[in-house]
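Here chain A shows up in two complexes: once beside chain B, once beside chain C.
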Partner chain A sequence: MKEVGYRFDVIVVGAGPAGSASAYTLAKKGFKVLLVERGRIPGSKNVFGGRVYADPLREVFDGFDDSAPIHRWVTKERISMVSGDAMTSFEFYMRKNTSFTTYLTELACWMAKKVEEVGGTVLTEITVDELVVENGKVTGIRVGDEKVSSEVVIDAEGINRLLLERAGLVPKLELRHAGLGVKEVIKLPKKEIEDLFSLKEGEGLAWLMMGDITGGLPGGAFLYTNKDSVSLGLVVMLGEAVKEVREHISRYVEALRLHPLLERYFRNGRIMEYSAHLVPEYTWPSLPHRLYADGLLVAGDAAGLLLNLGYNFRGVDYAAYSGYLAAKAVEKAHEMGGMTSENLSVYERLLEESFIVKQLRKFRNAPKMRENRRLYSTYPELLNSVMGQLFHSSYEVPKVMEAFKRARKGRVGWLDLISDLLEVVRSV
Partner chain B sequence: MLKVVVGIKWVPNTTSVNIDPNTGTLIREGIPSVVNPHDLEAVEMALRLKDEYGGKVTVITMSPPSAIAGLEHVLGMGADEAILVSDRAFAGADTLATSYVLAKVIDRLDYDLIIFGQETIDSSTAHIGAQVASWLDLPYVYYVTHAELRGGKLVVRRSLEDAHETYELDLPALISVAMHSLNPRRVRVSNKLRVKLENPIKTWSNEVLGLDPECIGLRGSPTALSKIEMVPKVPRKNEVFRGEAREAAKWLLEKLKEEGLLELG
Partner chain C sequence: MMRKPMRVDDILNNDVWDVDYEPHIRVDATKCRECEEKPCLLLCPAQCYTLAGDEVLFSYEGCLECGTCRLICPHDAIQWDYPVSGRGIHFRFS
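Up next is the complex of A and B:
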């Protein structure tokens, strides 16, 4: 292994949101930073559903509102319960710049450019083969037969943590700790998107669907409107779904696109992209891994920091913010005299004090709740049955409670119903 | 010591390109560009010669500045220098005007050997190598799969469908590498670091080269494209039979008979 002729204070592995946020924060403070990415461009290995919350990014990146690649501000939230061809939706509209849709690759490229603007070095097409560990301390990275050294490595390699696994720092990823997101990006004229979904220019829709629309797999479907395309896909819980998947997962997205309730939207559409990616599904605080070691910090999906509530996902902003906190930890460890495990442990404290861990703690029961299969079949059916009785009765309309009783019968017992309801209310 | 110049082209990744059915032109919008893959083989051959005999590899490209990403890639593979030949005055060039500019660039460099790829994936003319050799009055061999030095001469193997030919060339010379003959190496982290931290890419505009505007760009390009005809789409029926293999076979035979594609005795 040859040492290359350049040394860095910090090496960040992975130019996704977490890695770029770390690299940017540290380069801005004058640290000599190297950010390495295995894809041909930053973000080329990233996949997300379609929406990002802006404020955490605003806090991390200067000039966010001037130059970040924002497609549409989400002003319309729609949550639908689907059974067969029936759908009950709940819709909320409010004009406010809180979260936006974009292409993650564009956003990641923008972030990496910000890193270069403040003096960081960004290398693409570099696949790190291994973290170099000497006397129990991470001292750099190995790429092929070459070593690049640094005081500290921030591992933001994503959910597929090959480097951490090879270094024996984390166990192999278990199915129950992962979801699988699959999606298509379908190109549509900008104006048509606005007409189809009743949006004003620059406004976006975030639409989540539960029920048998996922082809019976436990999880949810989503549709996000981009500038001149929509992202359509589903996230399934792997631990449960793996027993039941009978076809290639791409078929499930295809079925979604051809679903009687959805196909009307895509008649003039052209599929531009198909992608799939794992999603972390951990329960805080029982992470099966540590987030720091001598000379090492772990951020983003590699650290398992993503919140999935079923009705909302927080991934990109959590990843970026955890990267930012990892950078803060490096700053503090530097002031304390070095990148020892003890000094870097401040990272865990910073995370604990941040909205990320507070939220993950608050919603720690959400993953368990989402394992309840009745959420995906029984309740959407029940709800649509009630609505059907109320609105598809030409002469005699039942009272709501009457309709509910009829719908419940044979579907779910009172005990299950009440305990499920309590669980949902307590979890989210 | 061998001083090698390699020419590369920055092209839209045509595996993902569509043709506009109305205009017949490539829809380039949003298509990521790449180094023409056959040119990477030319770079690989140059680097192998450098590995063997020492020397220097200079890569040139005539392109808009976005091609810097491509030059960074070949520098990452191990090339020593790169020159981006870029000027609005060069835009709209056909192969004649392009080869003229490239020849004038190479003329200013100290070289023993020039290597091009066989052709590009976006236009496939395979003109540039031959034309540059003509401008510079150099011996030219194409479809080269192997090159080595022997007694101060370059010995190259030229692979044809039914024969391998061996040529001995006086240097300087120009060769084009047969496509799919070499596997381009991966980038090295030390090389990529050098690119970022020492910036070895030079940009030459026509201010540097001072070429006659009549010989470059659109004005220097006599090629006129009169018409593009699209290959008509064969209508497909897309019928799928799902079921037992035997049933499927019967169904298929029936269909083939119906279409008159099969006569059963």
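Up next is the complex of A and C:
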């Protein structure tokens, strides 16, 4: 292994949201930063559902509002419970620039460009083979037979975290800690999207669906409107899907596209892209694994930092912000005299004090709640049965409670119902 | 077109790859022969794993690099690597 002559202060592995946020923050402070990405361009290996919360990115990147590739600001939230061809929806509209839709591939490119603007070096088409560990300290990366050295490496390689596994720093990800997301991006004329979903120009819809629309697999379906396309897909719990999947997983996504309640939206569409990615699904309050070592910090999906509430997902902004905090930890460790494990441990403290860990702690029961199968079959059916009785009774309309009692009968016992309700209230 | 079921291959045809010369995934076929569950057949989103008779056939070319197969394989038969520099799937709109 020959050593590349130039020595960096920091090497960041992976130009996704976490990696670019780290590299940007440190390059801006004058550190010599190398950001390496295995894809042809930043973002070309990234997939998300469809929406990003803006404020954490605003805090990290200067000029966010001037140039970030925002497709639509999400003004309309729709949550639907589906059973068969019946659907009960809850919709919320408010014009506010809080979260937006985009292509993550575009957003990651923008972030990496920001890194270059502040003097960071971004190299694409570089696959890192391993973290170089010498005397228990990470001293750089190996690419082919070349070593590139640095004071510290920030590992933002993503959820598959092969480098961390190879270095013996983390075990293989467990099935129950992963979800599988699969989606189609469907091209539609811009105007048609606005007509179909009653949106004004620049406004977007985030639509989450629960019930048998996921073909019996525990998880949820989503639809996000981009500028001139929609992202349609689902996220299923991998541990359960392994036991219960009955046909090829792409068929479950196709079933959304062909679903009697949804197919009307895609009549003039054509598929632009089909993609899949794993999603971290840890149960907190414990950190999934140690996020620092001598000469090393871990950020983003590799660190398992994603919040899934069932009705909302926070992945991209959590990743970017964890990258930002990793950068802050490097700054602090630098002031303290070096990139030792002890000095870098400040990263965990920064995470603990940030909204990321606070939120993950607060919603620590959400993953367990989402394991409750009644959420995916019984309750959507029950709700739709109640609504059916209330609105499809031509002569004798039952009282709400009467309809509810009828709908409940044979579906779920009172005790289960009450304990589920309490669990939902307690969890989210 | 959109209102009819499509072949997985036709759906995947919308994607772009720069296919590596060497596979980045290696499958130990002897383990597959003894595997009863074969969850890879249904859960690999790119359908890289198919059945021909009793044999699991594997092709790496259409891989989306999600890593699902590595996690779900009950017999640890899959050795999974990142494709070499710049190769593999090239997402543009995801």
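We take it that the second predicted complex is superposed on the first by the 426 of 428 C-alpha atoms of A that agree within 3 Å, B and C clash if a C-alpha of one lies under 4 Å from a C-alpha of the other, contacts with A are read in each partner's own complex, and residues count from 1 in each chain.
Here, contacts are C-beta pairs under 8 Å (C-beta built on N, C-alpha and C of every residue); 3 or more make two chains touch, one makes a residue touch a chain.
What you see is a predicted model; the values in this text were computed from it and never measured.
In the superposed model, A:162 makes contact with chain C only, not with chain B. Within the superposed three-chain model, A:271 lies in touch with chain C and out of touch with chain B [touch as defined at top]. Applying the stated contact rule after C-alpha superposition, one finds that A:121 touches chain B and leaves chain C untouched.
Touch criterion met: A:146 reaches chain B, while chain C stays clear of it. Of the two partner chains placed by superposition, only chain C is touched by A:47; chain B is not.
When the shared chain is aligned, no partner comes close enough to touch A:400: not chain B, not chain C. Taking chain B and chain C in turn and counting the residues of chain A each one touches, the greater count comes from C.
When the shared chain is aligned, chain B comes close enough to touch A:6, but chain C does not. By the document's definition of touching, of the two partners only chain C reaches A:184; chain B does not.
Shared contact residues of chain A with chain B and chain C: 40-41, 125-126, 143. Those residues of chain A that touch chain C in the complex are listed here as 38-41, 43-48, 103-105, 124-128, 143, 159-160, 162, 172-175, 178, 180, 182-186, 226, 229, 231, 238, 241-242, 245-251, 254, 257-258, 263, 266-278.
Residues 2, 4-6, 34, 36, 40-41, 121-123, 125-126, 143-144, 146, 148 of chain A are the ones that touch chain B when the two sit in their complex. The part of chain B that touches chain A in the complex is made up of residues 32, 73, 76, 186-190, 192-193, 196-197. Considering their complex, residues 1-6, 8, 11-12, 14-15, 18, 37, 39, 41-47, 64-68, 70-72, 80-86, 88-94 of chain C touch chain A.
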